[in-house]
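Each of the next two complexes has subunit A plus one other chain: subunit B in the first, subunit C in the second.
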Partner chain A sequence: MIGLGRYFKLIRMLFKFALMRQMAYRAHFFLMITGKVVRMALLLFFFQAIFLKVDRLGAWNYDQVLLLFATFHLVDYLMSITFQRNLAFRLPQRIQTGELDTRMVLPVNLLFMVSLEELDLMDFFSSIPAVAFLVYVLDRIGFAFSWGQALAYLTLMANAILFLFSVVLIISATSFWTVQSHGVSRVFDNLMKIGRYPLDIFEGFWKVVFAYLLPLVLIAQVPSQALLANLTPGFAAFGCLVTLGFLVFALFLWKRGLENYMSASS
Partner chain B sequence: MEEGTRELHVGKLVRREATDAMKAITVEDLTKQYWFFEKEAGFAGSVRALFSGKKVFVDAVRGIGMDVHVGETVGFIGPNGAGKTTTLKMLSGILHPTAGWVEVMGHVPSRREKNFLKGIALITGQRNRLFWDLPAEEYFEFCRVVYEIDEGLYRRNREALVELAEIGDILKVPQRKLSFGQRKRCELAAALLHDPTVIFLDEPTNAMDLLSARRVRRFIREMGSEGRRTIILTSHIMADIEEVCDRLIIINRGQIVYDGGTRELNQGNGITKRIRIVFGGPWERDLVEGLGKILEADDEEVLLEVESERSVEVASRLFAALPVKDISIAEPPMERIIESLYLKGEP
Partner chain C sequence: MRKLWFVFKLTWLERLAYRVNFFMEILSGVMSSLILVLLWMAIYRSAGREVIGGFSIEEMVTYLLGGGLINSFILTTAENPETSQSIQDGSLSNMLVKPMNPYWIWFVRDLSMKSFYLVLGFLGYTVVFFFFRQYLTPVASAVHLGYLVLSLVFAALLQFFLFEFMSLLAFWVENTYGIRFVMRVVMEVAGGAIIPLSFFPGVLQQVFLALPFPFLIYLPMRIYLGKIPLESISWELVKEALWIGGLVVLNRMVWKRGIRQYVAMGD
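Showing the complex of A and B:
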């Protein structure tokens, strides 16, 4: 028994703590949400500007790119609400300062704790306009609801989250050896952004890299294709297998990292 | 398996040994080696280290051994960098030993099993464990869920600990608004809510003002007084140890140089204390010289060195025979105690 009930209680508690923290800085809270929505709108203008010059980006028309865009942002929000800041920023810091020690002596799964300790409710609220935007885009592309496609979309979105979790964990776990808290997470941020463009904009070598070696297409393109009904089951299965591979490697690195953990001196 | 024995598994290694219900901690040949890349000073040195960094190994703990029994309060002391915190981190499962054997309540700490972690507490003077923006009472609730503390036990422990740590009036104040000492007392209480049987305290009074340090020492003494808890306390402050511990382990350069009673340490180990005497009138040099070694002297003041165990007797003889206006006895610094142990040749 791993005591799932206790973990649900813990998530509820961490959610409450996050809310209490955010409320302590209310002005900051509303300012940040506005900032996030404006940032999303600016990106949308960027795409609009491109489509003033061209009709299509590879095989993707304007509405389809909007779907890709909405999906990317939803995945991005889900990630930032949960593990992104915790793993990409806090974990390397905690390794560097030795603060990880106090988490290591708690009788809960350490990876659970370090991944979800500080939930980001700011992004929880900013994701609401993103959901509304997705509904609007679905209407624009004339999506006829089917359980199969909706389920495939959600499953592949979960796959995208798990894939990103693994990539972030791999990058952050290197801090056990490098003991550096700066820069590591920036690498990830920049890589992640590639996922919001259709793969068709890349050529040759990079196309192979982002489709197969470091398949950033899994983040938004693959789930979107499931909704557009132009995803082959083979590629969907490949996407899930790749995620599994990344996850296994990430967990291996995490375990080795903990064995190698030197803790900062007091 | 024979009765009264047990098997312990670590990787492929299997050990069978007699069980000793009273043994809380067993340490044998415990070693921890750290490594880092050597870097020359300056920017050029940093660039060179990127390509040809020399790996340097440091032995933080070198083959130490000890047994600690249930109910003991052990002071684990030594100068900075002696290896005491590293040992404590291996005992609490944070660090993996490079070599040797550690067992705490029948568990191998580095496996960090749930039952092991539920039975211990680690309290450090340096690191902050509470959620910075939230009041302590929220962290208490968090501990209740994490440690799966039964509601009744939680209420009882919470009440007792809040009273003992004297934090009743600050429970609802966000941690960032508390003083260092208040925060540490909240942490102590939080760390003990689940009623751990083995408690590791790493320099708990570090950077505290005198009053807070005294409160914390009283708290620890109370904790240990029930006889069912095992407490290991690291410190480089002698007062912490003398007030709280019955047994003392001194570690220096990764090796144990003394393991024995706290009171016995001062006896027969050549350790000296310094007595500063301020006289209210003329004083006889011969009489003072007969009691110890004069280190400094002028018309009104003398600094006298005496064997540690004679310090109280010397002070009272001085009071009786001379016009003493003021007197103070200084504890020997840790470095001098360790030096004395080495000089004695049989640490």
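Showing the complex of A and C:
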């Protein structure tokens, strides 16, 4: 418990440092938040524009698509506030420059440190309207869900974060062997955006890819379906198992990478 | 002129040194276009309609992929960070003692980068074009093709002067990235990169059309698809030229005032 308390204290300190660092340029800080909120609003207009022309996207009506959209953005924000940039862009840089050495000697778990070292508080503050939007969407669907469905929703959102953490770690851990991992991270960053759409409207090859091979359905569709009671327990369990598989592989790659790490500094 | 040609060539060489990174960036753009195309194909299928919002599936796929290609060379280079960086870190002082106007160096570097990304974009999109070849519609006519090329040149100029203006604000503000980021976010949607602007509700459409952004993708793709009468194209290009002219004047004013109060610390 003492160990856990230390990590909470560390998170509090990281939050404080991030706030000090990012508030150094106040106008820039607030403009970035504005930009992110505007981007979300414009994407919302995009969905509105689609629904001006069609009634449904596959089996999904407008409100359900909004729930999917809000869920995706919340998961996306949780990821970008915490580990995304740290693992995808900063870790490869630290491996290449040998800066990772200085983190290795700290008396904390190395993966914890490199994942959360620089919290993104711009995204933290930008996520507040996203939470408000989710509440608005829940109101639109009339809060028509049970406690069990809500619990499944939250659990599967946590599963989504863990899944994304694993994928991002797998990509960034390859930087122990190659110098191009951040390019792949950028590609994945764009690819995962497909998770904001209902992926069951795809057919054939792409349906198999997004449901099973690279199950981006786990990001927002599966949690949303759980809240709407449109998800079979079997697929929910499958989703959790897939995440576990990705996580085990990611941790394995991370460990092998560390064994392989020889530091670049003098 | 010869000096500027060297700047153009050097910028290409710089880019070539990191070609894999830049290709990955293009690949990300290709991925975004691919996602949009797949989404729209699924929308057409699930709606069971041939035409949605005045666009057939073929026109929509062509619009999105063509828009993606334009995006790859015009919007990818969107933020003109060099200008504001040079002002902020004082490296502008170095440029000022060279026998070339820094403004022209930035301009030529931007054109060079756009041409580099255009080539990479073509490489990346060729595969996607091949994959969706049965959906691609050819350009409406040879005259439309001529107008398309002209509108793309104008779009490249317009984009440069828009963002250069934002970057030059670095003479007065410490960090211009936030301003450029907001601009870029609005530009992607209001430029018509993710959906034709005619799909948006009336008021929003009017707001977007009053901005310069639709000239970047929406106009070139409407020209390509023949969705704008030939006689209206010239007027649209004149309006775009007026935007460019206005921005050139504005940039000149900002540059002159900014350079007068520019201070760089050094040892």
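In this text, the second predicted complex is superposed on the first by the 258 of 266 C-alpha atoms of A that agree within 3 Å, B and C clash if a C-alpha of one lies under 4 Å from a C-alpha of the other, contacts with A are read in each partner's own complex, and residues count from 1 in each chain.
We adopt the following convention: contacts are C-beta pairs under 8 Å (C-beta built on N, C-alpha and C of every residue); 3 or more make two chains touch, one makes a residue touch a chain.
Small disclaimer: the values here were computed from a predicted structure and weren't measured.
*Asks:* Name the contact category of A:Asp101: first (subunit B only), second (subunit C only), both, or neither.
*Replies:* first
*Asks:* I'd like to know which partner A:Arg140 touches here: subunit B for first, subunit C for second, both or neither.
*Replies:* In the superposition, A:Arg140 touches no partner, neither subunit B nor subunit C.
*Asks:* Return first, second, both or neither, reflecting whether A:Phe202 touches subunit B, subunit C, both chains, or no partner chain.
*Replies:* A:Phe202 sits against subunit C, while subunit B stays out of touch.
*Asks:* Taking the superposition as given, does A:Arg256 touch the first partner, subunit B, the second, subunit C, both, or neither?
*Replies:* Neither partner.
*Asks:* Looking at subunit A, does subunit B or subunit C touch a larger number of its residues?
*Replies:* Looking at subunit B versus subunit C, the one contacting more residues of subunit A is C.
*Asks:* Contacts for A:Arg6 in the overlay, against subunit B (first) and subunit C (second): which applies, first, second, both or neither?
*Replies:* first
*Asks:* Pick one for A:Arg21: touches subunit B only (first), subunit C only (second), both, or neither.
*Replies:* It touches subunit B, and subunit C stays clear.
*Asks:* Per the contact definition, I'd like the list of subunit B residues that touch subunit A in the complex.
*Replies:* Per the touch definition, subunit B meets subunit A at residues 34, 81, 85, 89, 92-96, 110, 112, 114-115, 117-118, 120-122, 124-129, 131, 133-134, 138, 141-142, 145-148, 174, 202-203.
*Asks:* Taking the complex as given, what residues does subunit A use to touch subunit C?
*Replies:* 25, 27-32, 34-36, 38-39, 42-43, 45-46, 48-50, 52-58, 180, 182-184, 186-187, 189-191, 193-194, 197, 201-203, 206
*Asks:* Given the complex with subunit A, which residues does subunit C contribute to the contact?
*Replies:* By the definition above, subunit C touches subunit A via 20-21, 23-25, 27-29, 31-32, 35, 38-39, 42-43, 45-47, 49, 52-53, 173-175, 177-179, 181-182, 184-186, 188-190, 194-195, 199-201, 204.
*Asks:* For subunit A, which residues are in contact with subunit B within the complex?
*Replies:* 3, 6, 9-10, 13, 17, 20-21, 24, 97-99, 101-102, 104-108, 110, 259, 261-263, 265-266
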